[in-house]
Structures are given as C-alpha cells and as structure tokens.
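One chain, chain A, links the two complexes that follow: it is found with chain B in the first and with chain C in the second.
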Partner chain A sequence: MKKSYDIIIIGGGPAGLAAAVSAYDNGVKDVLVIERDVRLGGILNQCIHNGFGLTRFKESLSGPEYAARFIEEVRARNIEVWTGTTVLSLTKDKQVTVIDPVHGMLVLQAKAVILAMGCRERSRGALNVAGSRPAGIYSAGTAQKYVNIKGFLPGKRVVILGSGDIGLIMARRMTLEGAKVLAVCEIMPYSSGLKRNIAQCLDDFDIPLYLNHTITKIEGEKRVTGVVVSKVDENRQPIAGTEMHFDCDTVLFSVGLIPENELTKEAEVPLSPKTRGAVVYQNRETLVDGIFACGNVLQVHDLVDFVSEEAEVAGRYASKYVLEGKSSACAIDVSAGENVSYALPQKIDKNISGNVKLFFRVTNTFRNCTIKVTSGDRVLLSRKKQICVPGEMETLLLAEQKLQEIDGNIVVSLENEVNV
Partner chain B sequence: MKKTLTCIECPIGCTIEVEFEGEQVLSVKGNACLRGKAYASSEVVCPKRVLTSTVRAENGGLVPVKTSEPIPKDQLFAVMEKINAVVCKLPVKIGDVIVENICDGADLIATNSEE
Partner chain C sequence: MFDVIVIGGGVVGGLILRELTEYRLSVCLLEKESDVCMGASKANSGIVHAGYDAMPGSLKAKFNVLGSEMMEGVTAELGVKYRRNGALVVAFSQEEIATLQTLKKRGEENGVKGLEIVQQEELRTMEKNISDTALAALYAPTSGVVCPYELSIAAIGNAMDNGAALYNDFDVTSIARKADEKGETYVVCSKNGQEVEGRYIVNCAGLNSGAIAALVGDDLCVGARKGEYVLLDRESGDFVSHTLFFTPTKLGKGILVTQTADGNILLGPTADERTADTQTTAQGLAFVIEKAKKMTKNPPLYNTITSFAGIRAYSDRHDFVLEESKTAQGVFHCAGIESPGLTASPAIAKYVVETWLSQKMPLVKNKKFNGTRKPDYFFKNLTLEEKNAIIKTDPSYGKIVCRCEQITEGEILRAIRENPPARDIDGVKRRTRSGMGRCQGGFCQPYVAELLAKEQGIELFEVTKNGKGSSLLTGVTK
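Entry: the complex of A and B
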C-alpha cells in the first residue's frame, strides 16, 4: 500500500480543493486530499444560499454550486481523494497519521503538507453567558446543518446573539421555514456581517437588529424559555435598567470563527496570537519547512472567493517546494501598527519574485482615513480610504521593486482623522 | 419619490438613492456598477429575490434548490409552501429542473448533485 505522497492536503473544503488543483497544475502530480466528512466541499455544502463566486466566476452561486466547480476540477485530474478520513496527528517532519474504516490507522509521509482545515465557531462557553444549560442553544452553523443537511427546524421562536453573516443568513433561513426570529443582538455598535445580508436577511423580514446589546441571561431548565437582553455601554458592559425580556425556545450564537489549528500546533508550527493561524511567508509557507497553510485555518476570510485565491498560492508554492526543495527564509517582518489588528503575511522572503498582497483588518470603524505601509521613516505605500470597517478585510499590493529597496521591517497602520 | 436602498447584488453593498414616480424610475445614484442600477430600478417597482431552500428527496435526504430567477418578494412564503410539498426523485444533477415554473416563470432547480 502506498504510504508516501509528494503533497498531502488536510481538508477538502474550498481551500483544500483549490490548493490541490493548483499544486497539480504547477507540476506535482502525486497529490492526496484528506477530508473527514463523507463528501468534499466542506462548509459550502450547508451554505445553500446564493451570493458565492461573484469575484471569481462573475455569477451568483450557492455554496454547493461553488464547491462543485472545484470538485469537478479535482476529479478531472489524477488527484487522490480520501473522504471519511480523520487526520489524528501531524509532525514537523510531515508524517500524517490518519484513520478511517477503509485504511484502518496508518502513517503517511509527505514531502509537503498544505493545512486547509478551515475554522470553527466560537461557542457560548467562550462568552460566559449566564444561565443554566437547557436544550435549544446552538451555534448558527450547527442550526444551519440541522436545517439544510438534516432537514429539521431546531426551534420556533429564536433570538440570535451576534450579527455575523452566518447568524444573519440563519435568521432568514429559519424565518422562511416557519420560525419567528425575534431579535438579532450585537454587542458592538456595528454589525460584523455584510451590509447586503442586513438588507436581505433582516430588513426583508422585519427582524430587528439591536446594536450595542447582548444577552445577559438565558432562562429555562430543560428547554430554553427566554432570554434577557441588555444594552451595553462603550466598554461593552451591560447597563442596569435596560433589560428586555424575550420569550423564546432557541438561542443561536453567531459570535465569530476560530481557525482550527490543533494539528498545526502538534507540528510545532508557530501561530500568530492575532490571527490564531500560522505565521506565514507570502507564499503561505509556515515557519516549518514544507508545511503550508491557506484559507480560514490561516486567517478568517470574508468571502470564499478569496479563500480559493489564497489556496492557489499555497498550492503553487508547495509544488515549487517539492520540485526545488528550497524553503523560505526571512528577510522582512510585517507587523500591525496603529489601528490595525493584524497584517498577513507576517514575513516576506525577498527571494520570492512577484508583488506581495498584504491582507489586514482594522480595529474599529474609521472614515476618511489613510492606510500606510512604512519601513522605518520611509513610506512605501499610502492610500486614502473613505471608510474602513473591522468586518471587511483590506488588501494592498506591495510592488516587488519597493521590497528590494528596503532592509528593515514593515508596519501597516491606519491614520485616522475622524473616528465614528 | 426618493428611496435609499442597500444593494444586495454583491458583497460591497452600495448605498443607492433612487428617485421614482410611480413605476417610472427617474434617477439612480450611488451604485458602483450596472447590476446595482438594475437592482435599484427593479426594487422600487417590484422587489424580487432568488429563493434558496431544500426539497425532500425520496430517500429521506435533502437536495438544495434555488429559483432560476429572482421571484417577487411577496411570493417567498407561498413558494416555500410549494417547495416543502415536493418529494424529488433521485438521482438529481446540479442544474436539473425540480419544478417547472414554480413562480412567475422561474423554475426550481437543484444546486447540488445527489445519487
């Protein structure tokens, strides 16, 4: 039985699929994709709503349709795919221990590994919401799986905490299936979801969005019977006397996504505390030779189109690594400066040719601001923006020539005139 | 009359101002592209949405579906009732028509293949 591969890709969602095709097309034909679910496509399978692929395909696709485009590309090539297979461990020497009913448990050896495990949802436990532990509390993605894959509605009267896109999408989905969504509560003064989802998922169905509000108590013993929602002050602390009560049987949490990096840690790949994903070079190689990372396991993207794009970079350079055997070496560190929460890649290898696309998020909503990329006193790039919001990832293209001219490290920052 | 809309055509979500008189659109401002103009012009006259949902398959599983065209917004719940009464035969391929002309000329089509 074959136990070694040139490239092993962990995860068969949008990142893994695009990475596999890219690695193959760039010259490495011995590629294995490992997916723990029974089918390829990852979370896209339960994202049955439309709006995917506008950047990449110039048309509005549902999640399964977007995934199908890449699954076809994988099938059209001689790429090996294992589904229903769990990766148990990964070492920095690129040994991958897997288990499934077909192969049993076995240890595979790869020349390069691409991490494409995606992310998972932040849970109620992470927020310490007071109350007992009755049935009826779900993450928005779990509710989505129940409704769209399993075919049952997890509740009839729903309050949603967090205004991330999955929560907004589920507000509409459960409403269409006959549930009453009473409120979406957002602790921040702005929604982290897309504007169009506020319009088409909440406004279309007259679902109220309470900004600067959070759930301060969940009531019920066997089943949720209600929640208390309170207004919060500028420090996000509940204000006494502002409590509202909702009778409901279900609470959904849509409060952020966390890259799923347990295997990454085992392989001793250094992580960024900001992104909670690996520290990478612009080619998406981590600080461990031959281990690459892409998609939501690296940084939580807004759109799947950008996941595919990033995965293609990782696939291309993983292929190059296998063919040439040369690892990245650091010359420049990239860090987040004032008003910027993170910047990626965290490291730039000047020997890798091409411009470098910098990805970053800002810490707050800023209007009429200037984004600056500096190295010491030198301004490499400066761009005026009418508006920057934390919910939208920003990008800047740093020209290769600019990089050759500098020796020091790079800082991405935002200069702000008015903070609204 | 003037109306301010959030465009739902793409993730940018332009804020669009539409001026209209009855069914006659006089001006559209704030849109970054032509899709936005078309959306805003239709939205003030007859708001339409692509409806996505699932239908039951004969083996008990689910098949994801969507309307092939946007349908009038006030028909969404009526069409959901029709969708929830469908039992679809297998196998289906992505793009197969599950229900012809489910609403206003739009078909209900499968958005994934199931064996």
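Entry: the complex of A and C
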C-alpha cells in the first residue's frame, strides 16, 4: 500500500478542500486529503442557512452548497481523499499516524503537511458555570447537528449564552423549528457575532439580546428546568440583586471557538497564545519546515470565504515547498499593538514575493478610529475607520515594496478617538 | 431466591458482590438508579490513601492500610488503571510542620511504610510547580490514584460475568422477614414493584444506608457532605505528579491538587454539609481555585474542562460502620464509608465475606470463578500490529468516535454490550471516556446517542443522558 505522499492535508472541510485544489493546481499532484467524518465538507454540512460565498462567488449559498463547489473541484482533479479516517498523531518529521476501518492503523510519510483541522466550541465545563449538570445543555454547534443533520429538536424553551455567530444562527433556527428562544445573554458589552446575524437572527424574531449578562446558575436534576441570569460589572463579575430567572428546558452555549491544535502541538509547532493557532509566515508555513496551517485551525475566521482564500495560499506554498524544498526564513515580526488583540501572519519573509494581507482583530468597539501599521517611528499604513468591532476581522494590504524598505519589526495598532 | 442480596452498586457494594461470586453462592445487586455507580463512587478524588490520616485503632485506619495494600492486585485483575504516584502533605507554616511530625508518627503506628519529611528544596525538585511559600511536606510514597467509577463498574461487571444478577431501578422501599424450612429470609421490594428474596443482606447503600438500616429497625445516622471539583485537561496532566494535600486541620483534609489515574489534573473538593445535592456553586468553585493557587504556582486554569460536585456519606461516629444489624440477623451494614472508603473497599469486601458471612454459612469456593477482566482501555495499549488484527475482524475499532480521548466505535459498542451494560450517554462516558475530554461530548454525543439507540432498539429521542427524565431531545424537527 502507498504510504508516502508529497502533501498530506489533515481535514476535508473548507480549508482542506481549497488547499488541496490549490496545491494540485500549483504543480503537486500527489496529494492526500484526510477527513475524519464520513463525508467531505466539514462543519459546512450542518450550516444549512445561507450567506456563504457572498464575497467569493457574489452569491448567497448554503453551507453544503458552498462545500459542494470545492468538493467538485477536488473530484475533478482526482485528488485522493480518505474519509472516515482520523489522524491520531503527527510528528515534526511529517509522519502522520492514521486509523480507519478500511486501512486499519498505519503511518504515512509526507513531504509537506497542511493543517486544516478547524476548531471546536468552548464547552459549558470550561466556564465553570455553577449549578446542576442535567440533560439539555449543548454547545450551539451540537444542537445544530441534532437539528440539521439528525432531524431532532434538542429542546423547546431555550436560553442561549454567548452571542457568537453559531449562537445567533441557532436562535433563529430553533425559533423556526417551533422552539421559544427566551434570551441570548452576552457577558461582554458587545456581541462577537456579525452585525448581519444580530439583525437577521435576533431582531427579526424579537429575541432579546442581554449584553453584559451571563448565566450564573443552571437548574434541574435530570433535565434543565431553568437558569438564573445576572448582570455583570465592568470586571465581568455578576452583580448581586440583578438576577433574572428563566424557565427553560435547554441551554445553548456559544461562547467561543478554539482552534483544534492538538496535532500541531504534538508536532512541536509553536503556537501563538493569542490566536491559539500556529505562528505562521505570510505563506502560512509554520515554524516547523514544511508544515502549513490554514482556516480555523490557524485563526477563527468570520466568513468561510476568507478560509478558502487562506487555504489557497497554504496550498500554493506547500506545493512550492515540495517542488523547491525551501523553507521560510528572514522574518519581520508582526505584533499586535494598542487596541489590537492579534495580528496574523506573525512573521513575514521578505524573500517571498507579493503583497502581504494582514489579518487582525480589535479588542473593543471603536468608532472614528485609525488603524496603523508602523515599523519603529515609521508609519507604513494608516486607515481611518468609522467603526471597528471585535466580532469582525479586519484586513490591511501591505505592499511588497514597503516591506522591502524596512528592516525592523511591524506593529499593528488602533488609534482611538471615541470608545463607545 | 438468593443467598446474598447486596444493596447499593457503588465501589463497596461492587467489590463485595465480586468477592461473593468467588464462592458457590447465588447473589444479586440492587441498584436504585438506572446505572451502577451513580452515588459517592462516581464523583470523588480517586485517591488510594496511604493511611496516615486515620486515628490508630479506628476501622478507617485498619481498612485503609489493608485496602491500600490490596489495591494493586485488585486493579490488576480487573484491568483498572492504578498508579502509585505518591502523596505530599504540604506545610505552609511552622505550626503545620509540627503537624506533619504528628501525621508521620500516626501513619507509622497505622503501619504505613516509607513515610518521610522532605524539606523545601527537595519538595521543589519533586514538584516543579509547588508554591514558593510551601516549606516542607510529608511524603507518602504508597499513596496512589485510581478511577473510582472504573473500579466500581469493573468489579460489578466481573461479578456479573461470574453469575451475579443486577437489578437496576430497584429503589428499595421495604424489607420484610419471612420464614421457611431453613430459617429466616428477607423479601426486598422496590418502588416500581420489583421483588427479590434472599437469606442475607449487605447494605452498601451509601447516602441511603441509614434509610435501608431503618427498614430493618436499626438507627444509623448517615449524613451527606458535598464536595466540588474542577477538572483540567490532560494536556496539563504533568502540572503536578504527586497528590498534593494541605496539612489537615480540625476542619478536615481540605482541598487537594492531583493527577488523576487518567492523567487529568483534579482540584478539590470543598466540604459542605448543608445540602445533599450535586450542584456546583460559584463560591465553592472559587474556593477550590483559590486553594489550588495557594498550593501551586499558576495552575493552568485555562485548561479547565469541567467542574462537578459529588456527595460523600458519613456516619456521626466519624468512622466506618461495619456491623451486623442489631435487630435483623443476617443483615450487615457498611455505612458511613467516607474517605478513605475507596481505598478501604477491597479490604471491606474481604472482611464482610470472609469474616462475617463465613460465620453465618459454610462458604465453598466457586471453581469456575474468573477474577480477571479485560481492561476497558485495552485497545489503546495494543501495538499497531495488534490493533490492525482487531480492526480486520471488527472494523468498528478503526472508527474514532471521541476525538479528544481517541475512543473507537468498537470500544463504545463493547461498553453497551458487556456487563454491566451502558444504557445512556453518561454510562458510555464512565466506561469508555467518550465525552470526558476537552470538548465535553460536543462532537461525539450525537454519534454515541445513535449507537445507544441502535443497540437498544429505541428511537434517538428516547436516548437519555442518565436515565428516566433525562432525554437528550424533546422531539423531531418540523
């Protein structure tokens, strides 16, 4: 049996699929995509709402439709795909240990690896929410799977904690399925979801959004019977006397996504504590030679369109790495300055030609602000923005010639006139 | 008609049941809940105590030391993870250092081997993350960790494999005496109308052991103490390697920081005697975290995967109650089995059968008894070749269902099919660790639910989290 490949891509979701097509089209044909689910497409398969592809295809697709376009591209190229296969471990020498019912357990060798494992939801347990542990507590994505894939309703009276996009989407979805969504609570003073989702999923259905509120107690012995919701102060601590009680049978948690980097850590790939994904160059190569990362395993994106774009970069350069055998180096460090929570890529290799697109998120809601990219005293780029919110990723394009002119490191920051 | 009825499917009841099947006896286990191991044995610290805590001469001291010595053998037979990681009782003041000497002396009197006092410098080399303010510690090398529910379930499963009967959902409401030609027997009835008859009864009902005792006319005062815990991801598993205790005060042993048998880090428990529920509280969890921060430098709380609370039963005698009923001959009470009850359980089991029951009736060895059980985690430890051999004959072992703990479909099916069968999500979780990891079942739960539905011939919406009333789903979509 064939046990070595030029490029092994771990994950057959939007990132893995786009990376595979890109790697192939850039000259490396010996590519294997490994997907743990029985079908390709990743989390898109359960995202049956529309709004995917607006940026890339200029049309509004459902998740499965968006995935199908890439699956077709992969099929058209006859790229080898293993589904129902789980990667158990990865080494820095790019040995990939896999298991599935057909191949059994075996060790594959790759010249380059593209990490495209996506992310997972933070669970109730991670938050130490007090109370009981009955049935009826789900992360929003698990509820989405039950509703959209399995065809079952997880509950009838629902309180949602966290206003991330999946939580917002599920507020609407549960309502459409006949459940009553009593409240969406958000501990922060702003939602981490897209503005369009607040409008289309909450406002249009009269679902109240409680900012600066959190669930302080879950009740019910066998099944959830209610929750206590409290207002929080500026330190996000519950304020006594502000408790509200909701009778509900279900609590959904949409409290953040965590890149699934267990394999990445095993391969000794350095991670950024801010993104919880790998530290990468602009070509999405990590600090381990020949291991690339893209999509939500690298940074949690707002839109799948950006995942595909990032994956194409990783695919192209993984292909180049296989053909030329050269790793990234000669780096400019990129760091997050004032009011910016992270910036990516964290490293820029000046020998890689082309402009560099910087991705970053801000730490709060800012109006009439200025985004700046600086190197020492020198301002490389400055953009005025009417509004910046943490829930929406910002991008800036750094021209190649500007990069050639500098020799210091780069800081991305936000100058703020009015903080709302 | 059974020779012996065991009431309560926790670790004590489970190990007694197994001990009974070593003899030619017909035995059964009555469990109130839909699964075994649903009380104190499912949520405690999982420590196999060395034995320096208990007062010399107490039942706790005697059975702790005996149980600790037996644990390695019992867990090996049952295929249960057990590790002697050693314990450190840490002192933060001169007064506490003095207490360490008392503990050491007490431990030596109890027969605990290898106790020594380690000074700050050595302590720091033993535990890299110990607090800078820790001054010294009592080192107990024989202390260990075991997974309490793994042990309980394995013991009951092994007993069932050797012929014991299990009655679930058997909430005992009455115990009536009846006489036959051989003497007196007992008829035990449940809330839902089940009935079993037996000659001897062993009461291991944990929190309810007082209520069971009352049914035969005994007055045992059994209280409940809640303990809250915080559990950290295995990724942080090397944060500490020993079990770290605070120096005990009049208020008890306080919270601990330990590696678990499965390689997680466990912080807790609190000790709250005001309520008998298993709800966590903001204050309780904050207390656990505060103490963990006192014991260690920067505990990796960002890797918290869950928090939970367990209930321990204690007797007002503050010692184990191991005695025959004063009013009902042939009924034996094991009550107030609080810490070090888990450690003591194998020794208690031996005592109940070999010392008490053997005086009541002649015991004949069961030649067919097989005390070994294939470990639940056996697949993980196989070589690549061995795994492939299994996958070839049973491809379900090639399908990973729980990605965080890397649990296969084959392992889950085995938990649903083997003794004592898992019937719900939590039952699968306790037997396989599917859902125990960092995503807390977010990904695997729908998959496990489908396997449970298929294997039991029920609809997906009938699958429960932990028995009646805990349905996962409320209906179908439009």
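What we mean here is this: the second predicted complex is superposed on the first by the 419 of 420 C-alpha atoms of A that agree within 3 Å, B and C clash if a C-alpha of one lies under 4 Å from a C-alpha of the other, contacts with A are read in each partner's own complex, and residues count from 1 in each chain.
We take it that contacts are C-beta pairs under 8 Å (C-beta built on N, C-alpha and C of every residue); 3 or more make two chains touch, one makes a residue touch a chain.
Since we're looking at a predicted model, the values are computed, not measured.
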{"item": "Which of chain B and chain C A:Arg367 touches, first, second, both or neither", "value": "neither"}
{"item": "Which superposed partner A:Lys357 touches (first chain B, second chain C, both, neither)", "value": "neither"}
{"item": "Partner chain(s) touched by A:Glu177 [first = chain B, second = chain C, both, neither]", "value": "both"}
{"item": "Contacts of A:Ile99 with chain B and chain C, given as first, second, both or neither", "value": "second"}
{"item": "Which superposed partner A:Leu194 touches (first chain B, second chain C, both, neither)", "value": "first"}
{"item": "Which superposed partner A:Asp204 touches (first chain B, second chain C, both, neither)", "value": "first"}
{"item": "Chain B versus chain C as contact partner of A:Tyr146, first or second or both or neither", "value": "second"}
{"item": "Partner chain(s) touched by A:Thr86 [first = chain B, second = chain C, both, neither]", "value": "second"}
{"item": "Chain A residues touched by each partner, larger count belonging to chain B or chain C", "value": "C"}
{"item": "Common ground on chain A, meaning residues reached by chain C in one complex and by chain B in the other", "value": "147, 149-151, 176-177"}
{"item": "In the complex, chain A residues that touch chain B", "value": "45, 48-51, 54, 60-62, 64-65, 68, 147-151, 176-177, 194-196, 198-200, 203-204, 302-303"}
{"item": "Interface residues, chain A side, partner chain C - complex", "value": "36, 84, 86, 88, 99-107, 120-121, 123-126, 128, 130-136, 138-139, 141-142, 145-147, 149-156, 176-178, 216-217, 221-223, 238, 249-250, 262, 265"}
{"item": "Contact set on chain C toward chain A in their complex", "value": "230-231, 235, 277-282, 284-285, 304-308, 384, 387-388, 391-392, 395-400, 403-404, 406, 408, 438-443, 445-446, 450, 460-461, 464-478"}
{"item": "Parts of chain B lying in touch with chain A, wherever the complex brings them together", "value": "5-11, 13, 15, 49-54, 56, 61-62, 64-66, 73, 76-77, 80, 94, 111-113"}
